[in-house]
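The letters A, B, C, D, E and F name the chains in turn, as written, and every chain counts its residues from 1.
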Amino acid sequence: GERSVTNSPVVPEVDLWASGRQVGHLRVPQSRDDSGWGTIQVPIVVVANGTGPTVLLTAGNHGDEYEGQVSLLDLARSLRPEELQGRVILLPAMHYPACAAGKRLSPLDGRDFNRCFPGDPFGGFALSLAHFVDSVLLPICDYQMDLHSGGTGMDIVPSAVGHILDHPEMQARTLAMADAFGAPITLLLKEVNAGPTLLAAAENRGIVALSSELGGGGRLNPAALTITKRGVRNVLRHAGVLEGLPEVGEYGPSRRMTVPDLAHYVFAPADGIWEAAHPLNTTVQAGTPAGLLHRIEDPGAPPIELAYKATGLLWCARFAGRVKAGDPVAVIARDM
Amino acid sequence: GERSVTNSPVVPEVDLWASGRQVGHLRVPQSRDDSGWGTIQVPIVVVANGTGPTVLLTAGNHGDEYEGQVSLLDLARSLRPEELQGRVILLPAMHYPACAAGKRLSPLDGRDFNRCFPGDPFGGFALSLAHFVDSVLLPICDYQMDLHSGGTGMDIVPSAVGHILDHPEMQARTLAMADAFGAPITLLLKEVNAGPTLLAAAENRGIVALSSELGGGGRLNPAALTITKRGVRNVLRHAGVLEGLPEVGEYGPSRRMTVPDLAHYVFAPADGIWEAAHPLNTTVQAGTPAGLLHRIEDPGAPPIELAYKATGLLWCARFAGRVKAGDPVAVIARDM
Amino acid sequence: GERSVTNSPVVPEVDLWASGRQVGHLRVPQSRDDSGWGTIQVPIVVVANGTGPTVLLTAGNHGDEYEGQVSLLDLARSLRPEELQGRVILLPAMHYPACAAGKRLSPLDGRDFNRCFPGDPFGGFALSLAHFVDSVLLPICDYQMDLHSGGTGMDIVPSAVGHILDHPEMQARTLAMADAFGAPITLLLKEVNAGPTLLAAAENRGIVALSSELGGGGRLNPAALTITKRGVRNVLRHAGVLEGLPEVGEYGPSRRMTVPDLAHYVFAPADGIWEAAHPLNTTVQAGTPAGLLHRIEDPGAPPIELAYKATGLLWCARFAGRVKAGDPVAVIARDM
Amino acid sequence: GERSVTNSPVVPEVDLWASGRQVGHLRVPQSRDDSGWGTIQVPIVVVANGTGPTVLLTAGNHGDEYEGQVSLLDLARSLRPEELQGRVILLPAMHYPACAAGKRLSPLDGRDFNRCFPGDPFGGFALSLAHFVDSVLLPICDYQMDLHSGGTGMDIVPSAVGHILDHPEMQARTLAMADAFGAPITLLLKEVNAGPTLLAAAENRGIVALSSELGGGGRLNPAALTITKRGVRNVLRHAGVLEGLPEVGEYGPSRRMTVPDLAHYVFAPADGIWEAAHPLNTTVQAGTPAGLLHRIEDPGAPPIELAYKATGLLWCARFAGRVKAGDPVAVIARDM
Amino acid sequence: GERSVTNSPVVPEVDLWASGRQVGHLRVPQSRDDSGWGTIQVPIVVVANGTGPTVLLTAGNHGDEYEGQVSLLDLARSLRPEELQGRVILLPAMHYPACAAGKRLSPLDGRDFNRCFPGDPFGGFALSLAHFVDSVLLPICDYQMDLHSGGTGMDIVPSAVGHILDHPEMQARTLAMADAFGAPITLLLKEVNAGPTLLAAAENRGIVALSSELGGGGRLNPAALTITKRGVRNVLRHAGVLEGLPEVGEYGPSRRMTVPDLAHYVFAPADGIWEAAHPLNTTVQAGTPAGLLHRIEDPGAPPIELAYKATGLLWCARFAGRVKAGDPVAVIARDM
Amino acid sequence: GERSVTNSPVVPEVDLWASGRQVGHLRVPQSRDDSGWGTIQVPIVVVANGTGPTVLLTAGNHGDEYEGQVSLLDLARSLRPEELQGRVILLPAMHYPACAAGKRLSPLDGRDFNRCFPGDPFGGFALSLAHFVDSVLLPICDYQMDLHSGGTGMDIVPSAVGHILDHPEMQARTLAMADAFGAPITLLLKEVNAGPTLLAAAENRGIVALSSELGGGGRLNPAALTITKRGVRNVLRHAGVLEGLPEVGEYGPSRRMTVPDLAHYVFAPADGIWEAAHPLNTTVQAGTPAGLLHRIEDPGAPPIELAYKATGLLWCARFAGRVKAGDPVAVIARDM
């Protein structure tokens, strides 16, 4: 990883190349009516020592996903340079305006940061920051993991998430990193909205990269937090930046699963209140009831019954009670 | 309850005085730029038979509280006139615009419907509807129960909630109704924001009245739904509208508790991510840690530690991970 | 009419008591972030000469109703003091922010100005202006007419509109003024949203007062404009402020009709596109089709058929194609 | 038309290649704060039988244009597969969020869908949908017609609208299709805002394509609806998908006209209320009055008189009464 | 001042009756969608010692007026209890949401806090806080001063501002307090928007009370800050809470002036850019040019010239370059 | 400069190639819900005579910067064709929606117009206008100057601003033009947010081009206005379009300075009220106090002290009192 040349207007307050522990901000231009040259300060922590690989850990890609944010804040305070060989770059609240608001999307412009890669240096805050991450940080990394949860709307069985890759060696290295992370599930996913994600950007740069889904419901889930805190240290151990072997959770090694296609989703056909038939992490059968969609418009009418269209594990479930037409209410994963 | 004379512009499509089961709407004027004489249709169900008391059950006072809405929709479909003696009036999605949006506050005007009583016939949608409920529905009722949950922000141990009343007989009748409802807890509360609530309006009308808190977190909680469905039928049995005795939950009779004052609250002093030290429904000690408030602004600083200021049951807990300065993160109840 | 004492913060730039023709503004306080002592200028024209009654003519109560605005602008330019005996006060664009936006409701605060009477001197722009009209202008008037049309959403057969009054003499004087105005229809109406209207405020002040509905659809209807221009001069003739007798339209004397209750309305039960079965001003029969409500959600389902519930004249019809649940799509008037 | 390979994240619920009649939705990703993997359901109907060309008919490109939406909903219900030879693809409410709101522009992002082609698979809802239409639907079509009206602001003489093309054969085939559609006018137009339209996208794909203007004023015009319903069946007959010859309207064959340049427009130089001198569809003379622009700011000043700058047919007229500076109030067409 | 009984839902974290220096917050309920029982924390400082009068000093009534906020923050840190005899209550950022935004009006609801008195305990944040100030704080005060500046839009010669009172003794005591404050000018004003202000509320409670205007332009003016810091200590000395005599500024005793009526204002008749003819604090003549209003709409037209209508001191001048129709651009004061 | 061929939908009402003085508008398409073919009228003035170079002068790139707008309006009225040799093109209120609102950013879409170059013909109003300026106006120009000030947030010592260029001859010609303009300072700047600016676009077209900073604070600064009015005539003299030599200000020739990097900025680390230690245009020392950041959250805590990190002239200072984290509060320039 050499120092890249970039036209990014984003300026880091920390020296990405220095040893020791640095806490500072990325200064990202964001013009306001009352501050033409204003900037937004995105927190960054760099801890480096000796020689070794560079690992980039990010959280707060979506602002209402908290397990990653708290785990990286914890890591930012607790990592000591002298215990490292290599470099750890932490962005614990990456899409800062969304994190400060506790929202998935940016209150500045409604953008989903995970649809902004590889970015544009002058395309506004989100694209400008994505461009910096892609063109300055990713080129100096060997490993990257972006810590997601289900957000306000969904609850998800804690999982490392990777892509099915064409290149066997990269696939193997990705799965090895996922095994090290040690979530209950390792999911190889084609996302509904996939495309310009950080995970895809990292893969395009040839970096061993993972995303994850570590709880959800807009809350900080204590069990998922434990998994995440352990997982990020496991990744550093796997990379050789920290000493020692990855720790295995009480649930054992990760179960490898996939969500093959939209037939494994159940979508709400109309607005309503969703009453699920099963809790998350239940094994369910195609053709059996997934739940009831209650419609408040006409209290005399019965609720709409929805059924699973696939057999497998209820990996992701609608969390928020109120749904809109077109919202997924259940996603089924099956073993690979 | 005689037919009241009112200047309300709200018109019910159902005949409040007829026998049998009627499903319809209250037609509440709401002018739009493109529909000057537009109305909003608030669902109402009336089931009546023979002679007996009138019970008004309401849900969706806050739109993101689902246990009550689903329980009353269920009751609306399942109550058969012939099993009744008396009259049941159901408003399963009372503050309809908030319910349709799945939000606590109205998307029309940001109003909290439970701060709108006794209303104003020409004060806009919420005040106009509150005025109808207060001046038309309440005067014909003997019992009233308003079904709340904790909403998106809070999670609460399922509880019937009443006020501490000056009048001993009304207090006794209120507690009897709460006992019949049969939630795990009966709480006598002074709310932080109390004042112009439906509960206070009903009490002002001399009606035996309860509120409740039946779960929360912006989701439909299955356990709380079971309690609520049983509870509303219990109230009808208690009133003598349905035959039989109230059913007792597997947890036994309700535990009577109270929240005496603001010293039983823990408030976040700043914005941050709240990591609670205990799950809901834990007995906690004054002076011990309530949790950590993580601040993303400076990843080098430690989180803010907050402590309980009272001993008792963690009755209500912050659910959403992100909090703002001044948000309660814990409310402690103690036995009466 | 003596000079009233008022606590209104509204200041007229014209002298309400001077003879001749004055064109100016009412200066109504409206604080902005960048202009704490800002005011909004509401156009006012006063034309006075000799002795005689005072007539207040207002338009732009709702900003998207244009026949009245253009008629009063025309009158403001063409009335010569020397042809008058008495005083004419014109507010051609009364709720100025709504008029400037071409919207029914105020872009400042979403208020419907015709629900703001009798106002409040310090309740914000609309209430403050309503208070000035009610407490300063109405007390010096003998006659008042407020010029409405159907607005963006509705189209209405041109009509003078009055209230059914308890006092026979006032009713007679009101009908005489309506006859003089000379629209095709004189309608005695209880409005869906009635209450704090300018018409009611004027009646409360003991003034002979009318409202009107003069076309609609958010456009300037040439036929309705002709009726309105003639009508306002007719009112001045009727009051004796202008010489001569009221002119009768080619359609003859006004037909006296009423809309007795909500059973004369047809409401859309759901959102959709409204296809009316008949054009405005058609005589229709109870129980026959009023039109089809097309729902775009499911192109396989048939449209919802709605029927008239009363027999009479299709006096008011939904104009805009898209309707929301609860919108009236037809209002039937019947002869008195 | 072969099955195209696309990177579109839009998934159709119907099989574009199957015979028979299918009613379903396109599932278009649209992330919300409370539903990260949410989708919007865009209605689609496919009716196919035997062999023959594919015709794509679209409406609701702008949400406040209703003749096309209702005509395609009617066609969706009434077309029987057995009467076809070929395939008909219907999008009756294409830009669904705008259609559901009854607005020209999207309530999601303010976009004009007809400026979104050829789209971008990950550029947000509108661009993503446009990309699907362009990259998946257009390549399998032989004919395409996009049904517009004048919208809330404008009223337009019902017309098929095509572009002046460089390629003589395509021009001839386009005119033949327009003749078949059979509106009163066939207009060859350079639009004020032309550029990234569906019509241009279809032409770029080498498809015989038309747009149209079929009434306006934000209402469902019965006469224009009759023309549109007949026209879409005429297009299917012209393509050979339905049997029989196109039906001719009572007004005879289409009159071929054009709007050569901006000198055929009259623009409002300032905000005001527009009073047109002539109704739509009048033949007018350059240099004669087009109407009056009334300004409410100063009721003492005369209105601004505007004149036509070209001679021809008043093909398009401002409908809404209130105009802003820069709005066209009249567009003159002349015979070709 | 005895402890008042109030129904306010506002709870102070400080003990208003204790000796010493306390720093805390008023906890004011403000419900959000994601925090039903949320509160807003309004900073309050109480410093008390021995016996003596109570002085309430407030700033941040309007959020974009900074001299008072900084002066009270300074006082809050520097006042030592042992130097006092009596009690000082400081609200340095009273309308906290507006202060945090740096705006005159509340970002919560657009309210002008100085039009909210005497408040309403359950009328929403601003009314609830105003009610607390009026019903809890004012009754225990002997002196009150509310520190304003001109805000973003206006610049004003630093002045203590009082009302012309009917009661001679109160007038004398008010002027004595103003003399003690020692601004360059003491102005007795009838404000354009007067009415439900804190100053009027304090006067209604029989308290010796002042407002002020201490600079403006949305900036922290160093000269005005010096005057304000000295003035607030002077008020404490005048009340006898601090020892010593008030200090006189280098400009000598305050000049007593007034603004008699709207004829001393110059208002912009239209939107434009204001170019003033004179700087603030210039003596100007009636009938001479006040400045030019440049209109960008038509660069060929000359600017509108406005003239003063009164002779006196240019006491208040439009600061922001862009004005809207109805904005005051100059206010003339004359000696009393 | 030949007539360029462009696909711009923007149509000028003036003939860019005609002699004499023309005042008109650029007609830029901007679709609204109620005006699909609406346009926005951007004022343009062209004054041409004989042969000579073309100079483009623009103001209102940011709407809250007034010295340039007023100077160009003045020039538009006063320039007589007969005194010219060449052509002057004036856009006195270029980003018209922002100018009409008096805001830096567009009220239409929040865009910063100076980040929109080289534009996109169909990318919406701002990009479409930028594309016209870049592809139609710039190619026919020899000199271009874009008149900026500091806007609402910043105050800046009046300066011509140019870029440090690689090409020595262009650098020399740029400096010669800056010398002619004759502001107190000529600054060669790398802006914080640089990139897609008009200045960069002009340079990319090979045109001698300058920007400027001429005061600020959201006001029309009289001293800066004098400098600007003289400066724009000086530029025309320098270009040979007007006769005579540039006039020198009373302060003498421009001082050449630069801002080398972000170390010459002081940024606010948190939200607060900024109290500067020095007025604008003071020479300051690295390591000395730059000012105090007062935080209203906790009135007991001391303000945050910030220090300069570089020695030089306080060239740009925060004007507005309230700052947000990341806002620059001071920018230091040093002599080149």
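Keep this in mind: a contact is a pair of C-beta atoms (placed from the backbone, for glycine too) under 8 Å apart; a residue touches a chain by one contact, two chains touch by 3 or more.
Since this is a predicted model, take the numbers as computed values, not measurements.
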Per mean C-alpha coordinates, the chain lying farthest from chain E is D
Degree value of the rotation bringing chain B onto chain C, based on Cα positions, nearest 5: 120
Which chain's mean C-alpha position is the greatest distance from chain C's? A
Counting C-beta pairs in contact, does A-F beat C-D or the other way around? C-D
Cα-centroid distance, chain E relative to chain F, in whole angstrom: 36
Per the C-alpha centroid definition, the whole-Å distance linking chain B and chain E comes out as 42
Show the residues in chain E shared as contacts by 2 or more other chains, in ascending order. 34, 41, 64, 102, 152, 297, 320, 322, 325
The answer for chain D against chain C in the complex is residues 23, 41, 43-45, 60, 63-64, 66, 69-70, 72-73, 76-77, 90, 92-93, 96, 99-102, 152, 217-220, 222, 225, 271, 273-276, 279, 294, 296-300, 302-303, 319-322
Considering the complex alone, what residue numbers of chain C touch chain B? 62, 64, 103-105, 110, 112, 115, 150-154, 191-196, 262, 267, 269, 320, 322-328, 331
Touching residues (chain side chain A, partner chain F) in the complex: 7, 9, 11, 25, 27, 29-41, 109, 121-122
